[in-house]
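Please read through the structure below; I'll follow up with questions.
First chain written, first letter: the chains are A, B, C and D, and each begins at residue 1.
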Amino acid sequence: MVGQVLFILVAAITLLMALGAVVAKNLFHAALFLVGVFFGIAVLFILLDAEFLGVAQIVIYIGAIATLIVFAIMLSKNVMGKEAGAYNRNWYAAMAGAVFLFLLLAWLLLKAPFQMVSADVPADAITQIGQGLVGTYVVPFEVASVLLLVALVGAIMLARER
Amino acid sequence: MTVPLSWYLIFATALFSIGFFGVLARRNAIAVLMGVELMLNAVNVNLVAFWRYLTPTDLSGQIFVVFVFAVAAAEAAVGLALMISIYRTRKSINVDELNELKL
Amino acid sequence: MHDYPFVFNLTWLIPLPTALAFFAIILFTNPKKRLSSNVAIAAVVVAWILSWAVAFAFFLKPELVEEPINIAVPWLPIADGYFSMGVAVDAVTAGMLFMVGFVLTMIFIYSSGYMTFPGHLDPEQFPEVAKEGLDPRYSRFFAYISLFATGMLGLVVADNLLMLFIFWEIMGLCSYLLIGFWFEKTYPDPNQITPKQAGLKAFLTTRVGDVLFMMGLIFLFIHAGTLNFQAIFKDAHFLEELATSTVTLPIFGAVSWAALISILIFWGAIGKSAQFPLHVWLPDAMEGPTPVSALIHAATMVSAGVYLIVRMAPLFAASSHAATGALPFVAFIGAFTALFAATIGVAQKDIKKVLAYSTISQLGYMFAALGIGAWVAAIIHLLVHAFFKALLFLGSGSVIHGVEHGHHHVHEHGHGHDDEHGHEEYFDPQDMFNMGGLLKRMPITGWTFIAGALSLAAFPFITAGFWSKDEILAHAWDGGHMAVYWALAIGAFLTAFYTFRQVFLTFFGEPRTEAAAHAPESVRAMTWPLVALAFFAIFGGFVAVPKEFPIFGKIASDFMLHLMEMQGEIYPFLEVEPAKFNWTPALISMVLALSGIVLAWLVYGWKPLKAGQPDPLKRWLGPVYTVLEKKYYFDELYHLIAVRPTLWLASFFARFDRGVIDRIVNWVGAFGRWLAAALRKWFDERFIDGVVNIVGMATTWTGAAVRLIQTGQVQTYLLILLLSVAVLLLLIPLR
Amino acid sequence: MDLRSIGEAFIAWLQGLGIPQGWVLLINWLLGTLIILGFALTLALVLIWLERKLAGRIQDRLGPNRVGPFGLLQPIADALKLLTKEDITPADADRITYNLAPIIAVFHILMMFAVIPFADRVVGANINVGVLYLMAFGALGTMAMLMAGWASRNKYALLGGFRVVAQLFSYEIPIAMVMMIPVLLVGSMNLNEIARGQGSLFGLGWFVWVMPAAFLLYLVAALAEGERAPFDLLEAESEIVAGYNIEYSAMKFAWFYLAFFLNTWILSAVAATLFLGGWQGPFVDRIPALGVVYFFGKTFFMFFLFAWIRATFPRLRIDQMMAFCWKVLVPMSLALLLGAAILVKLGQQLAWPFAVTGGLLFVMNVVVLLVTLSLLGRYTRTLHQQQNKRLFTPELPRL
């Protein structure tokens, strides 16, 4: 009961924040809403017994990605002309499409039969994640690390002034 | 476990749709990027929820989320660097002015 | 798998360094000549160390002969299971590795000194290269010989016939490339064969043998289902079956499968080892650079043929077990070639051609030995021969190099009286009649050459050649093969004669030309391989002295003989009984060898020839000398029966082609044009063009309609994507 | 006496009153939160007084001495003054963000108090990912300062915001890596477990003995993370007036001020827990209450160190600071982390006693430190030789 209330609370706030993030005309506000969304999702992760991911979500999304976005917004200040709106010409079609997508996906997901398994999360979940990353999933892990390196180099190459 | 799985799925779907709307409709490239981040987060929520409700003893779901983190970080870095370089050449990062794909 | 020392795990690495060197030189170091040669030498030294590590590991553990090492991986999926490729080491392989690794290294080092700017090129035409003093294709040369070394080493360690064949063909390719290495070289005499032609000739001639070899290989695979040596040759039951089941051939009648396969494979060896009647390519192959002659035509490639027959010996033995089989044929070819080539060698003028014929002759000895069942003796002679023949070839190269240098020296300093004619007149630095008295000018080359010559002439007791050759002769006598014995004994006499004819003509007397008088000693990179090889040419025989031999049997070792005997014993049908010692054949061969040397001294050494003086043999032998000098007219014969008909057939077909085929084609073409014109007028212009126009217009209309959604904006495209995906998703529940 | 038993007794008492389990837990949580918050806010007052007093002593002054005995009531007087001052919001400021920033600035520090173990198991939330949690909320602080800098609509504030990102982002990397080293040694991210893991040698087996270089590195990086001298470039008066909080006044400024001191204290507490054994000390297994004494002793010792450094060192130039992070601290922390990972793994695989592993770790630390120092020394020498060359050119490097 408490869990449900908590979920509804968090989910509602998160969704409102998400709406704010896509609706806000001021980009900086949008970014702050985005931070709120990330925080809400971190809470949801913790509700789902994934503490590690919850905290990692805060470190990576708020600590790195959102800060980066805010930084970029600050660098490109006053980029938006005052006269230009936040949306492009197709926004109503996009809205319809998004609503349609939501309904369709929701319908499909609710229709799908899932085999529920109720079990407790292993006590050494973090250990298992770590071992999985350097064991079963070592190749994707290495690929991801190379991807990050390449992204780093690529970002520097793109952003440097010639 | 009092919250049903479907609630999480609906939540993730809504988040995904909102993010997708942002991607489709926003004019500013950074805002588009933010929409993409929302979509990725929606996927993460789904992954974790499926893990918790369907295979709680196998941590693969969480590991996938870690990979999504890595991809999202890389995407944000490259995306923002691209935006900065576009801004430098065009003095604008409005997506609807970027129509070089059209001949 | 049984246990074996770890070092044998390195066996498969043996061919690898030189292969890597080949690619490294071709791909990377090609422009840097010295670097290329250093890479190649470093690679071959590594291969040498590996070879010797494996060889000595085997020698130190002789009990391994019972179960030779075989390390293989599944390589090619075939109908039932895999075709395995791998490496095998037994006593024969170990002996070959010992010899090949060392000789290859010596030749590589020698080459780095030998491949200077070649005499046939005009230095003024390539001033840059000439200043450097190295051959314009120096790097390429080392790439080729590296690949060649890979071929040889791979062939030796191969554990199956197919892999052996592959490396065999790599060597064939390399020999083609290397013989024709100076492909731009021409001679004033149009009848003299050029390097380009010689390469082609070698390639095509060996191809005859190789095709037959491959047929034999395929037949063997059909019957055995495997080509692994150990698997085939230890299976007495299978060999027996192969020897008794017969096949009827058109002309030869019924022969056993074993005999047929043996003879087909033996043809491969005939081609590769230049045995009669496919011997013609080897003397001409002397057109290649001298290290190549040593590498290909003395120490390694030609002995590959012998090695092949040594490997296949159980099959040959099995074929002769029940019926006549293949062995008499081998013996006949070997003995005949031994004698036949020796006679030609007597009348050659070119220092390298003499050695080429002696090689053919010595290989004949080995085949004869294999033919009469002297398996061990053949292996020993193979190993020993490689050392002294490589020595002789490298020594002759050093001589040629010296004479060439002397020639240039004379020209540059202009104190020859034939200075004005020097450029027009062709000077052959390989002609022994242009030499003389070189021992004083080139002492190291001279003395090591004499050491090699003594070994080749089988000078009793102190040379390796004596012990190995004596073993063969003893076997022939002991086994009652009198015809073979006498052929080989006379061959031995002739060998001693022409060898020392060569020594006396080259190194003794007075210089017959200015070039010879000014020949300098070669550089150290060339001389010290000679010294190293001379050591083995003299002392290499002391590990293969039969126990019963008086005096020497006590003080020297029979280690190698014993090892090979033990190795031979594991194979069914193969008889490896050592020959009983008998004074008669030993004395006869000793006397013949010594008398050959004495005769040579009488003819050429006692009264040295003066400049321009003809060969005294010519006077005494008359027309026979001419026949010998022309190599029994074999080249002309082959020209007549093989080359000319081919050319005639080709020109006939060319005429037929022009006269008949071309006309038909032209007529068909004309008809086609007429038909096409008619169709174009009545069909194409009306119907097809109309359709094409409609398609074009339709495209225009569609494009005009569709371009509305191509805004160039990613977001629009994404929207369309979303709609498409949504439609697809809708289809899922509808299905 | 076990501090924890107080809480357990309280829970038992509540349950005895017949209150349902869920509510009991909720009440317990709320109460615990209130206690920690109250503690933190009180602590801030003490810290402000302490720092001012220390700075005064070090700089040969008296420090606060008028209000109350030894000036002890000075912070309270300051707080009252700030509360009564006019609360100014710039006209052009982004109101919501402007007001949100100080709240988040304090909030993220207070969140960190939840995982600090004051004594064995006396911890707000004994979570398994404690170290990561600290990093997460540390990162949140960056966001608060960015918001403050942007929302003020002041160019100095904005520049301060940029500096926040540059400095705090950069120094987060070495500090995070160094914080991973105790995690490696113990095999857990739980802060209480890490403190417990330093209980050998009669409660003195602290990680600072085996990883002195790591501790030193943490100290330096923490100075930067805490925006303290000599790394207080975020509020360098001579350059950008007061940085991101230039437009804040009255109580909003007080909140930033509060966050600043609490942040320093948290960094001290983390240093004490990760490297100085936290609540570990002699006899703590027999008298658990001693843990609190040890913990606060160590934390205040660290705080004293920070204050000492702040009072003595001059400020660095920004390019020097960035270069020092990327060219010295990051490589050094990488080397330390890698060395520690290899040695710990080797120790586990070969079943070395901890003395051997610890000895090797110590040697590794000393080697890394010496190499770093010698390289640094050589670099500065060459720098002195070519007088006109600067350590760090502000443009982006040309590849």
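In this text, contacts are C-beta pairs under 8 Å (C-beta built on N, C-alpha and C of every residue); 3 or more make two chains touch, one makes a residue touch a chain.
Small disclaimer: the values here were computed from a predicted structure and weren't measured.
The minimal number of chain-to-chain contact steps leading from chain C to chain D is 2. Look at where the CA atoms of chain A average out and do the same for chain C: the two points lie 70 Å apart. Here the CA centre of chain A is 28 Å from the CA centre of chain D. Separating the CA-averaged centres of chain B and chain D is a span of 33 Å.
Put simply, the C-alpha centre of chain B and that of chain C have 68 angstrom between them. Listed for chain C are residues 713, 715, 719, 722, each touching two or more other chains.
Taken residue by residue, chain A touches two or more other chains at 2, 52, 56, 64, 71, 88, 90, 93-94, 97, 101, 105, 156-157, 159, 161, whereas all remaining positions touch fewer.
In chain D, no residue reaches two or more other chains under the touch definition.
Across the assembly, chains come into contact as A-B, A-C, A-D, B-C.
Contact residues on chain C toward chain A in their complex (touch as defined above): 713, 715-716, 719, 722-723, 726, 729-730, 732-733.
Across the complex, chain D is touched by residues 2, 26, 28-29, 32, 35, 51-52, 55-56, 58-59, 62-64, 66-67, 70-71, 74, 126, 156-157, 159-161 of chain A.
Those residues of chain A lying in contact with chain C across their complex are 88, 90, 93-94, 97, 100-101, 104-105, 108, 111. Contact residues on chain A toward chain B in their complex (touch as defined above): 1-4, 7, 11, 14-15, 18-19, 21-22, 27, 30-31, 34, 37-38, 41, 44-45, 47-50, 52-53, 56-57, 60-61, 64-65, 68-69, 71-73, 75-76, 79-80, 84-91, 93-95, 97-99, 101-102, 105-106, 109-110, 114-122, 125, 128-129, 132-133, 136-137, 140-141, 144-145, 147-148, 150-152, 154-159, 161. Considering their complex, residues 710-715, 718-719, 722 of chain C touch chain B.
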